[in-house]
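There are two complexes below, and they share chain A, which is joined by chain B in the first and by chain C in the second.
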Partner chain A sequence: MDALFTNAFLVAFVSGTIAASLPLLLAGLGEQMSEKAGVLNLGLEGMMLVGAFCGFAVALETGSFLLGFLAGAAGGMAVAAMMAALCVALPLNQIVVGIALTLGMQGATSLAHHVLYSRTFPRLPRQPEVALPLLSQIPVLGPSLFTQNPVVYLALLLVPAAAWLYRATNIGLNLAAAGSKPAALDLAGVSVTATRAFAVLATGALGGLGGAYMANIGAGLFVPFMTGGAGFMAIVIAMLARGRPAWVLGGALLVGFATSITTALQVAGFNIPTDLVLMLPFGTIMLVLTLFGRRAGLPAALGLPYHRGAR
Partner chain B sequence: MSAAATPAAAALPAWLRALVPLVLALGIGALILAALGRDPVQFFANVLNRAVFNRSGLQETLVLMAPLLLIAASLIVCFRAGLWNLGIDGQFLLAATFASAFAAAWVAALPYWVAMALLFLLAAAVGAGWAMLPAFLKARYGVNEIVSTLMMNFLGFGLSAFLIKTLFGDPEHPAPQTTMLEVAERLPRIGETLVHVGVVFALLVILAVHVVMTRTGFGLRLRIVGHNPRAAEHAGLNVRRLTFAVFAISAALAGLAGAVEVLGVRGVVRADWHPGYGLLVVPLVFLARFHGVAAIAFVFVFAVLSIGGESAARRADLPNDFLLIMMALILVILAVTDHVASRARG
Partner chain C sequence: MPEGTGAATTGADRGLDVPLVRLSGITKRFPGVLANDEVSFDIRPGEVHALLGENGAGKSTLIAILSGVLQPDSGRIEVNGRPVRIASPRDAIRLGIGTVYQHSTLVPTLSVVQNLMLGQRWWRPLGRAAALARLAELSALLGVRVDPDATAGSLSLGQQQQVEIVKALWRGERVLVLDEPTSMLTPQGVEELGQVMARLAARGFGIVFVSHKLQEVLAFGHRVTVLKLGRKAGEIPPARLSALSPAEATAEILDLMFGRGAADPEAPRRRASTIRADDAPLLEVEHLSAGEGAVQDVSFTLRPGEILGIAGVDGNGQKQLAEALAGQLRAEAGRIRFAGRDITRLPVARRHALGLRYLTDDRLGEGTVGGFAIGTNLVMKRVGEPPFWAGGFERPARIAAHARELIGRYDVRTPGPEVPIATLSGGNIQKALFGRELSGEPRLLLANKPTYGLDVANIRAARDRISAAAAAGVACILISTELDELLELSDRIAVMYRGRIAGIVGNGPDAERAIGRLMVGGA
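On to the complex of A and B.
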């Protein structure tokens, strides 16, 4: 009995941690790229919501999980294109536009949900999973840890890929220059606008993918406001990670860990006040900030529009 | 990254600068409504009829303005000083919870205005207290305050709900909530209206904040820190102490907003209550260019939209969240016209 009890606890805990961390990981990696290039992307929450809605709608319509995820990424990119047009091509205030996009997309997805699904409340069937050979046969934890949706593996592969991009490629250097000394990048003959727009669009794709994961894999349905602040959490994680993709993974896992411990403890029969447990991820971040966040090295030109020739 | 104001874009008359984008945004909103098969003229007529041309509706609009104005004042202080206090929602909710928890008991035990004054002080202190950790991290270690204040929001929501379910809960009520402050004991109303004195208080506060920030030495010092902290340090200003002062004042004002909302209108805080005003007021304050009087106008427009829009959306069988699209349109178009106006002046 005891062993079963522990297994149920562990499985709930592990799968809960992954489900909660993955959208944060995807969106956080995206936001990191955008911040690196000097754009503080407060529209991320809106991009995730649109990704969730488009991902769900297309997966429901076509029955294809792959098309659903592509649609989620495309939806996020559509919102990101607005952000890029207003804050990169035009030098509008990133905070105002970011918040406006988040508010507008909350309204738009809620409206679309009202029109399309508020009478039927459709659900998606369980999405396909891929069991990694050998690893998934490890007793107890193996099945829940190594049998995942392909998107999970993709997201994990993105971490070293992003690190490589930042460290070893011209694109990575251009991104960093766009964020810390855009005038220098301009002098080197590289378009600051194009570099930043690329970063913002990539953020939209990743945020949209994260949203689609929440809707299609996490919940199996779409409800208005379903991202519930995950976009803002991802922004915080990206800021804390200071340009290092591995830290985004760490931060996302930490928050996912703290989120899922609530459910897991309830499965295990502990009765602790939910409100306090829900504070855990945020308390953890505050603690990390207090202990390690002392030299928050954000890109120098973060949040500032670039005017060619202006001093 | 500085939040300090660029004192540009004042060439167009202020009312025109606000009116043109408003009309454009409403026009696009009308197109969306028409595309959904709703009558846009009817929709906007419903908004105005409910929120402006209706006696009780207009009063509701004014009442909603009270907490929003205090939040705007709170943001003007910190944004002008170049600090991003995005923790207003947590400070607001926690202060509201504390004020509400003690309201009924203190009003019963003390002379009315003494009790009210103490409750407002308590709310201000709770709000300011909740900002002290981010203030310390910023002043001492330079930790980015956007991150820390956003996190303190979520902690504030959790703590507030926990307190209401344990210490501050009304044991006689089945749902978790604080003890109700009776209608007769809430902030007195002006004449025969629903408008309570908190609205006048909020107006006076935001005007006072505007004067302090633009016309006094203290305000000037804060603006110097906002424009260039390093220059401020060289000029002999104690940037650390000013950082603490900004966080304390800004968060205390957010706390007062919570007190006004609870002692003036609601009389109670339920464990699941999340007005989330903060994020809505941030863009309004930006568009007002941190100007107190302009902020009053923007807050009024927002209050009209949210009071009138609620009933108009219900009548048109649209979700209430439809208004968020309108808000977003107004914000984006205001930002664009602002940009065009400042470009036109060179």
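On to the complex of A and C.
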């Protein structure tokens, strides 16, 4: 029992929580923006996978950590561009297109992996980390908590940035109107299509970044289906967060916590069946859903295509 | 005040003969309906141009074309003599055209001031302080009192309409288009809007004013155009309009709207009472409170065949009282007895089954499901009941037959029962709701602003329907902000003030004065 509280356990636990939460945080913040604007973006899982693949491939090829992440964001945006063209510009049914994109991208990335890496299984070297001055000197937890890849700091900064965007800018107003009453936005002279497309593209970039984090930092390699439902979990987190970025952070940490406590317990020598271990994060989400799901307060026009002049 | 900084230069500079906007030969077809048929319409600087026509005549369609919401199938639009295409609402705003649409265009989850700021270029700062200052200025002008930070959805419909007017003034720099802007306003609000329109017209604005109320049209309009079945039935230019006496002008407008010899449907008359004095009360309300203070300690009784009017400035708890009686709002204290039975805790459906019918004033929000067929909407409150459902299965033929009957009886203008109800004109949706609530076996009709948005002929028909229902023994609660309507129909009139019944007066020669006093809180 004492093993629970060793330094090794704590360090593994904390860094595990961060590694598991971060992709959820990035993707969840992205999804939140789409949902605010009235688009239920079920293509998120596909965007994360493509982001993971592109991020890994470019980082491996160029050896540049920065280019890798940029490629991850770009890959996610490419999938998002398809989503925007089909669901926002046309507009077709968001659920059908989103699921189709996710399934399609699962296939495409697996195929690309098979062609490129299935014989060599390349790995990335350890990616650069930045230690925050002073904070990283704190004993025990300091080094693991405050020495992170720059993407981690970026993601955390995005939380207040998104909150500011929603509260204090015209973009935030436009997003809220597009999700709540698109006709009002259109009649005010702002394009609903452009507003929603912007949100979907931003989701793609953030989802792709989250995927690239999973591949380049979390695992150091790419394997097919490696996101393992993180995109869908991010969707649920975004729905429960009721438009508040801080709540996405909370949700992501909660799920990350559930994911990493199982690994940490194994490190500490507890013998838990792996199936149970893998279920814990999903179980947490289901518990949260049953407790708070009813009060999720989603935008009124979420999932509905907009046609001007249709009554 | 909006300043003339837009692309449109004033027509006044070039003399009054060049209209600010000229629509010519506008045609718009919907499946099964010719909504606008070769309509020509001018908006001139310094002029309030009243646009009239019965429900479904095509007024809102013409306005949608003017505002870039709809594209005409054919026709020309000129602004300051130059042909333009108004391809989107943004184009209309750029041309200096601000519009109050017939149905709400506020985002219910945003605050009042956020709704007003909506539509700025995205890279600009929000400019909240400037917006608040401008709102204060326009509010003072219009006599509007709203909290800038209240969410739009929490305002009464009357307040929402005031915000819509502020919004149109915010955007419109040369032309204001107002589609039934007064339907939810108090008489005082109407008066203030009239003054604002006059002032703006004097500064060279062109104003389009749609209303079903002829007194308003005669008081504020300089020129009148009447549409009938999508066609322009006639136009009365300012010189002629000012030469006519109000009675002559009314007669001429009614002729254009409904054909020769139409009697003035607005002529006041008073209904003979149909209360059967020996009947026991049908409804007894005792010390009812609901809606967190919106309704406080309300008591009254109602007998079969009696019409109880509820007067009061909009927002004094009338809507919450209706909802509490209908079962949509929980009673916090007090009792409601219906036909001798305590229904205080009964849910909506059970009350409906007992014969208690609620005609809401929010016809698009809670009255209908816009995308569903008219037929479906007409049986909406009877889902699962025979004869429209049998053994759990819908019977489309029965539903359609029922719909056709109500459409015929209530004169709903539509291509058929299968079209989505939201495609009907505002007034026709109201007629359909009337049909729904009065069908079956109503015993108590709770009507909240039953005639708003109806044209004069349909107002007449609706009031006659309420009288007929009362004559047949249905008890009615008639909530209205129109004193004429209350005085014409009611046996007694209760006045609500700040959630309480300030007093109940019998309808008679002195009622009007007594109600006026009670409405502002006097005893």
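The rule is short, and it goes like this: the second predicted complex is superposed on the first by the 301 of 311 C-alpha atoms of A that agree within 3 Å, B and C clash if a C-alpha of one lies under 4 Å from a C-alpha of the other, contacts with A are read in each partner's own complex, and residues count from 1 in each chain.
Please note the rule applied: contacts are C-beta pairs under 8 Å (C-beta built on N, C-alpha and C of every residue); 3 or more make two chains touch, one makes a residue touch a chain.
Fair warning: this is a prediction, and the values are worked out from it, not measured in the lab.
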For A:Gln106, decide between first (touching chain B), second (touching chain C), both and neither.
-> first
Hey, is it chain B or chain C that touches more of chain A?
-> B
Does the superposition put A:Ala78 against chain B (first), chain C (second), both, or neither?
-> neither
So, A:Asn174: does it touch chain B (first), chain C (second), both, or neither?
-> second
Could you say whether A:Leu67 touches chain B, chain C, both of them, or neither, answering first, second, both or neither?
-> neither
Which partner does A:Leu156 contact after superposing on A: first (chain B), second (chain C), both, neither?
-> neither
Should A:Ala219 be classified as contacting the first partner (chain B), the second (chain C), both, or neither?
-> neither
Partner chain(s) touched by A:Leu289 [first = chain B, second = chain C, both, neither] = first
Is A:Ala184 contacted by the first partner chain B, the second partner chain C, both or neither?
-> second
In chain A, both chain B and chain C touch residues none
In the complex, chain A residues that touch chain B | 40, 86, 90-93, 95-97, 99-101, 103-108, 110-111, 113-115, 118, 224, 229, 232, 235-236, 239-240, 273, 275-276, 278-279, 281-283, 285-286, 289-290, 293-296, 298, 302-304
List of chain C residues in touch with chain A within their complex = 64, 67, 69-70, 88-90, 92-94, 99, 101, 105-110, 114-115, 117-126, 171, 370, 420, 422-423
Counting only contacts in the complex, chain B reaches chain A at residues 1, 36, 133, 137, 141-144, 146-148, 150-152, 154-155, 158-159, 161-162, 165-166, 271, 279-280, 282-283, 286-287, 318-319, 321-329, 331-332, 335-336, 339
The chain A residues in contact with chain C across the complex are 168-171, 173-174, 176-177, 180-181, 183-191, 299-300, 308-309, 311
